[in-house]
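Take a look at the structure below.
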Amino acid sequence: MPPLPFGPPPVPPLPLAYDAATDRAREECAVFGIFGTPDAAAHTALGLHALQHRGQEATGLVAHDGDRFNAHRDQGHVGDVFSSRAVMDRLVGTAAIGHNRYSTTGAPNPKNVQPLFAELDLGGVAIAHNGNLTNAHTLRADLIRQGAIFQSTTDTEVILHLMARARGRMVDRLVEALFQVVGAYALVLLTQRKLVGVRDPYGVRPLVLGRLGDAYILASETCAFDIIGAERVRDIEPGEMVVITEDGLESFHPFPPVAPRPCMFEYIYFARPDSIMGGKSVHAVRKAIGRELAREAPADADIVVPVPDSGVPAALGFSEGAGLPFDLGIIRNHYVGRTFIEPTNEIRHLGVRLKHNANRAVLEGKRVVLIDDSIVRGTTSVKIVRMVREAGAAEVHMRVASPPIRYPCFYGIDTPDEAALLASRLSVEGMANYIDCDSLAFISLDGLYRALGEPGRDPARPRYLDHYFTGEYPIPLVDEEDGSRTRQLTLLREAV
Amino acid sequence: MPPLPFGPPPVPPLPLAYDAATDRAREECAVFGIFGTPDAAAHTALGLHALQHRGQEATGLVAHDGDRFNAHRDQGHVGDVFSSRAVMDRLVGTAAIGHNRYSTTGAPNPKNVQPLFAELDLGGVAIAHNGNLTNAHTLRADLIRQGAIFQSTTDTEVILHLMARARGRMVDRLVEALFQVVGAYALVLLTQRKLVGVRDPYGVRPLVLGRLGDAYILASETCAFDIIGAERVRDIEPGEMVVITEDGLESFHPFPPVAPRPCMFEYIYFARPDSIMGGKSVHAVRKAIGRELAREAPADADIVVPVPDSGVPAALGFSEGAGLPFDLGIIRNHYVGRTFIEPTNEIRHLGVRLKHNANRAVLEGKRVVLIDDSIVRGTTSVKIVRMVREAGAAEVHMRVASPPIRYPCFYGIDTPDEAALLASRLSVEGMANYIDCDSLAFISLDGLYRALGEPGRDPARPRYLDHYFTGEYPIPLVDEEDGSRTRQLTLLREAV
Amino acid sequence: MPPLPFGPPPVPPLPLAYDAATDRAREECAVFGIFGTPDAAAHTALGLHALQHRGQEATGLVAHDGDRFNAHRDQGHVGDVFSSRAVMDRLVGTAAIGHNRYSTTGAPNPKNVQPLFAELDLGGVAIAHNGNLTNAHTLRADLIRQGAIFQSTTDTEVILHLMARARGRMVDRLVEALFQVVGAYALVLLTQRKLVGVRDPYGVRPLVLGRLGDAYILASETCAFDIIGAERVRDIEPGEMVVITEDGLESFHPFPPVAPRPCMFEYIYFARPDSIMGGKSVHAVRKAIGRELAREAPADADIVVPVPDSGVPAALGFSEGAGLPFDLGIIRNHYVGRTFIEPTNEIRHLGVRLKHNANRAVLEGKRVVLIDDSIVRGTTSVKIVRMVREAGAAEVHMRVASPPIRYPCFYGIDTPDEAALLASRLSVEGMANYIDCDSLAFISLDGLYRALGEPGRDPARPRYLDHYFTGEYPIPLVDEEDGSRTRQLTLLREAV
Amino acid sequence: MPPLPFGPPPVPPLPLAYDAATDRAREECAVFGIFGTPDAAAHTALGLHALQHRGQEATGLVAHDGDRFNAHRDQGHVGDVFSSRAVMDRLVGTAAIGHNRYSTTGAPNPKNVQPLFAELDLGGVAIAHNGNLTNAHTLRADLIRQGAIFQSTTDTEVILHLMARARGRMVDRLVEALFQVVGAYALVLLTQRKLVGVRDPYGVRPLVLGRLGDAYILASETCAFDIIGAERVRDIEPGEMVVITEDGLESFHPFPPVAPRPCMFEYIYFARPDSIMGGKSVHAVRKAIGRELAREAPADADIVVPVPDSGVPAALGFSEGAGLPFDLGIIRNHYVGRTFIEPTNEIRHLGVRLKHNANRAVLEGKRVVLIDDSIVRGTTSVKIVRMVREAGAAEVHMRVASPPIRYPCFYGIDTPDEAALLASRLSVEGMANYIDCDSLAFISLDGLYRALGEPGRDPARPRYLDHYFTGEYPIPLVDEEDGSRTRQLTLLREAV
């Protein structure tokens, strides 16, 4: 390993009881909308529950009852925030939108819980957003200079202010606003008469259309249809806007067309395996990744063991591709909550295994292929490999179902800074060293494209968003260039 | 009694366990600000605690630590909202403002808890307001048409939006904003470098200036100085704006002068008796009212009994004036909370006495002068008189320390509609009938002015705000004329 | 002042924001029971609310619905613990008993919230107790040696265990149990068919009988009858046991008669002024004390000012007796909660006035007679006098409506240890010095008896319990003699 | 299918949103104890967290600090109940025991949360119990007749009362108590100087011994050792009692020996797959069951799909045995909380899939072998099969990793009544009909024994507890015979 400018990799820190930062590093958000059913709020709450994996910090929904908007938002899981009959009874409406929010750094601000709402002169509008606007800080600063007062620190609110200042009907205003924003977004909006869904021109974030009887549904993933017995109609197309009213659904393509770039990480990690995304089964793609990985980076081993739960489909594919038995060598404890005992010094050195435990009976004496979906900071991998070794594994060959993540995301995924990404600091060999595995291999970027049904990555016209691996950001990072990313977004800190 | 256009007075409804509506009918708000002390938040919390009687639904404070604003707001009493060490530890700052909010109708909206905050291009500004703007709905509608998005349904937020759209320095913007609003206000604002206090030109709502060492303090009443050992400097004058910075205090009079009209009801009911308002002891004024009342409307009786606690000082004055013994014939239970058992039908007929109880040993066989501060809906009076009679009083002569309240307030006090005001529906004789007392008398308006040190009410130039009794509203009721008062203020209903 | 064995009195400590210990020093408990009404739980909750002043830490009630006992108990005020419709709906029953508990030192133990309940072979029995058993520790140790397992650390539970081990019918067992206990008690018990009330032979703690229609009621004070419109029948006599069933009320006198000694402090401080106790109006007794005090210890002064609220009736009496005007020179803030901001060092020196404030307009330049009901530790008096002086009083003559408290109570009142009682450490002159008043006088013990209608204290046969002042404990302090008071009552500490 | 005495099987009820009853049907409890480490409470909390799957309603722990016992117990998950630093700080001790409690019917009673505690004359003792005493009601009735007062409605408390009435040292008393009880138990007890573990003579419930440095640990399963890095020493033997003190561990066998009968259901369902029980890997046993099942009941199919998570290991074994591919055709949503929206009529008919969803991409067009661990009421199976069919499965062959459950458990597992057990009402053919699968097969009882390493079930001397399948109850059901099971256990209903 060549000398690194920042010195040798640190001795792996003693694993904490619960590496919350690592876990949170890969969440994003979920949106849901329904129009034309008497119990819109309950349907929305169920849809949000099915999308819980996309964001677990907070959730909210706004319903419209023909007269007023009725809203409820709170920190916590969907099943808790919407568990009270009294709350649900007040959320009357035949149309509703909802949102799950991921964890951000610092104290969560209750004002940021979506859907956001604004009363415009045309009437009210609620909005929920998955994605990230890359010129939000710049626009926000402009709007504030023009006299706008922001009620949240979200980028999403910029869209509301642009709509408030635009002219024309609500949908025209939305288009006018979206022409000014840059970034990734899958949006659902609710007005007094309409449910609107729109996906950015590149189609970075997913949005699917479903039906349940006469009702139309929009959701981040199809698993939100399954929970209420709705059927998938199709994906909302990149750059498409659908407007759903009592008269049915109209589709628009207001933006100049660009070559779509849906986010690869949905397939690798975010989406639930039972979802259909871009017409592809997420589970099937993950298995195909595993098979590719077995072909690209075989290992002389006895068993294939996933890091549960996200590594399981790729491990099944690897097992199939490599002809090696699949087994559950690591058990995940699903009861891990957000908070737990802060470890005292006395127990910190125990290397407490709150979330995963090795299954010695499976691992002992075995040469193990360990499959994980990705490596972000590497701290979880260090813990897992150590645990597998302590359970008696003879060898640990780590295979990763994504290429090395070297670049952060600015399109809606809460990744750490580049400096904290293990693959941006170390070579594959260095990473193997750090993680202390006998071999380490990542799927190639071409292999990943192949698993998605492409012949490989076409450098001239890549079909997916893959900046994590390439550093190529197709959507301009306006705030970054502007230097405004480091600008203080807000002056107010709430004591929650 | 002449026939009434709306028919005979209804049979008094059976008193409920707790007539919350009546109690709430007479609250308003409190403001507090401090500049130049290392523990500004704790001082503010203590000041708000001393002002708790002015608003009990919610409370909040915003402190500035030289770098950021730190805020906490919640439903509930000051002693509960600010009881947590963790909360207080985060409210770092050498300057702070705070607010107590009274109960409004309907579900309280957490977004309305003051101080409000806005990030302007000049930096952040927090605002707390006691009073009411009579053109707020009209301005709000205009601002929304111009693209403003409101974060609350308070009239106060209008000022922030007007400031956001104004030009110049923060104080200039505030003046520009205040030139556009009509109504009653005592405001405190906190910016990154300033604490600002301002009172509307008529001085309807009170605002006093104090000092504690090097720190300046602004508060609705002087009792907020006493709790922290600060000293009263003087009243902020009607129409005066004070700007407090590290360089000291500057005073401005930006508005065209008008003849001041401070609210009489502060003296009658709102203010704490230990406060000094307009240079007068509130307790002394109330005793003077009692003495006037004894002179104007003597009663042939054995004892003077107050309705506690607000009737006590006037009762002492009446006792002194009339030469009749004062005694505690009614006991108040101070443990009454906001919510209690909703009475079932079985216990509703009991006429449950949650808040007051008659002291039979004092009342039995006595001819009682019963002193209350005012009569609003009359429901409490009905209950109290019935209770006093049931305790054996031979006669009940009710004497009221304010003239009959015939007109609602639009300047910051949550009074019921005119139709619900007993004195707007019935003559004094009709009221006596309704309340079932042997005699009923109110202090005259001239008498009230005399108790305040005036020779009487000068109809050409009345010195106090007395629209409750006269229907004379010196500040225009713009929204009323505009018909916009009934306009729906917001389209969003939160399920809290 | 002669030299004190423990050195000169300490410099008065800087008053804390809220001297909770002082406030708690004088609470006890309340009991309530009702039999024969369809909504027994709601009546009981209302009765407990009227008795809130006797105990504010926790409250509970047990109702019987003809089949089962239904219970709810919790920390907090009655109005909060019984505010939920869901809770009340489950408390079905036509008979019920309830209890208010005062604050004890240390973390409150939820297992100690009364009424206690035990399932005996005869069926269930619930019990609520006001008072203190002076041989509880000794009996508890014996019972544990015999195999009893205690569910609480209350002395009350001893009675249940003695009943469980006794033979015969429930009432016989209760008598058998009570023959074994020593101490002060007013008890209410609820069995499947009976409501039982019993008062110890000396009648130390009060218990009154009331009626509401066909229902019988037992309560610590008559104010609990007033709140539900019930009427007082009579006091339960010292040593009397009443057994209320569907067939009516039976009265027994199971104990050998002794000369009754009801507790004087009920009249001085505990009872609500609107209660009738021992046939006497508490308010009237307190006024009589004030008149006696004016006669015994007149002061050359301008006004009489009470320490609110407990000093008010005596101050009215003093004012009447002395011919001096009565006025409210100290204002009490009733919003003070249990917890508030723990004072930081920065604000601790302010001498924060959370609970009381001086009314300068009343006090300034005046020679003040300050009336308080009693002096326990003296810390409150120090603060109050200092505050009155700072408000400009020319002289402060403190007059106290009870003799000096020199001895602790072991009969159910949570007094501090003897060493913490100011009067046990200092002469009256020393106390005046410590409190820094111009003169200090206490009512004489004979004067106190006179206010209660006696010719004075008959040393051979004192009519009231007056050990606070005399050190004469008529009921043996078995545990004290046994040395078992210091024995650890429980080995278990709950983390609540 | 022959006519059934109770008529045709009912039309399957419409699946509710969340069939909580079914889920709860198979929980039991967990115990944990540790002796000789400075941070015993944190270790215990972590151990209980690893054992969370055995009981999720409530949890508690009692630590001993050399002087006192320190306890905390509450409803909820371990990670929530012990998440507060303040709580953990109070749980000082070098020895501790803990308990997880499963859900019972009706409102959970806070008094039943274990460990229970009693202060005996010898000192305090805390106890935690996994299992069920079959003569508890009979003993309880006897003890109450003798004057005992129970603080809970648990069977466990009987042991404390028997100990309280026994003579001799603590351990002698425990033995004396256990000689009187009948039933299944794995107990841990904590006294001032000892940690005691004991398993009933049949060894029905598991208890394992571990070490961490100098500390000894007792736990229901070895996964509780792994989480804190402790090592497994051995199983506590059936009928063995271990007494751990500062001097080390002593082992006793106080009971007359019987042929052990550890519970088979631990292997089938309860235990975590990474636990070692009876020296066997639970995961390995489950895979062996799957292989046996593939041999006994092969299916002509395309894929093997588990009902997650409990069906996964057997499905892996079946896949291996049958040579059919394993895949994740059903996705489990781990965010399902205890409570969720009570379904309104409008959404009830949707057949909401809160917990499981079919993975259409895996199932469509496939002949599916569906593996579940067991069938209790059958309601979940109906839902799962319907869902699999709706996802396009061509055929569904259900294979169950346990024999038909025909008889309830009285030894500590919360099974429904016999009438609610599907297999007690229907033949296998009838069950297949009811569940609507193309074929249905259960592993044979002999096959199950073979998977556990036996040659089959020896009817003369069966090695495991298998009454679920056979109706053979080796431990007498005293309360049942006595008719006392239906006796009302308690007269008190708490409103929580």
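A, B, C and D are the chain letters, set down in written order, and residue numbers restart from 1 in every chain.
We take it that a contact is a pair of C-beta atoms (placed from the backbone, for glycine too) under 8 Å apart; a residue touches a chain by one contact, two chains touch by 3 or more.
To keep track of the chains, here are their UniProt names: A, B, C, D = Amidophosphoribosyltransferase.
Computed from a predicted model, the values in this text were never measured in an experiment.
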Touching both chain C and chain D (chains): none
Cα-centroid distance, chain A relative to chain B, in whole angstrom: 50
Chain B-chain D separation of Cα centroids, rounded to whole Å: 61
Inter-centroid spacing, chain C versus chain B (mean Cα positions, whole Å): 36
Interchain pairs in contact, sorted by label: A-B, A-D, B-C, C-D
Chain B to chain A touching residues, read off their complex: 62, 68-72, 86-87, 90-91, 110-111, 117-121, 123-124, 141, 144-145, 147-151, 157, 160-161, 164-165, 192, 490-496
Residue ranges of chain A in contact with chain D within the complex: 37-39, 42-43, 45-46, 49-50, 52-53, 56, 77-80, 82-83, 85, 88, 212, 223, 226-229, 272-274, 276, 281, 283-284, 309, 312-313, 316, 320, 325-328, 331, 333-337, 339-344, 346-347, 350-354, 357-362
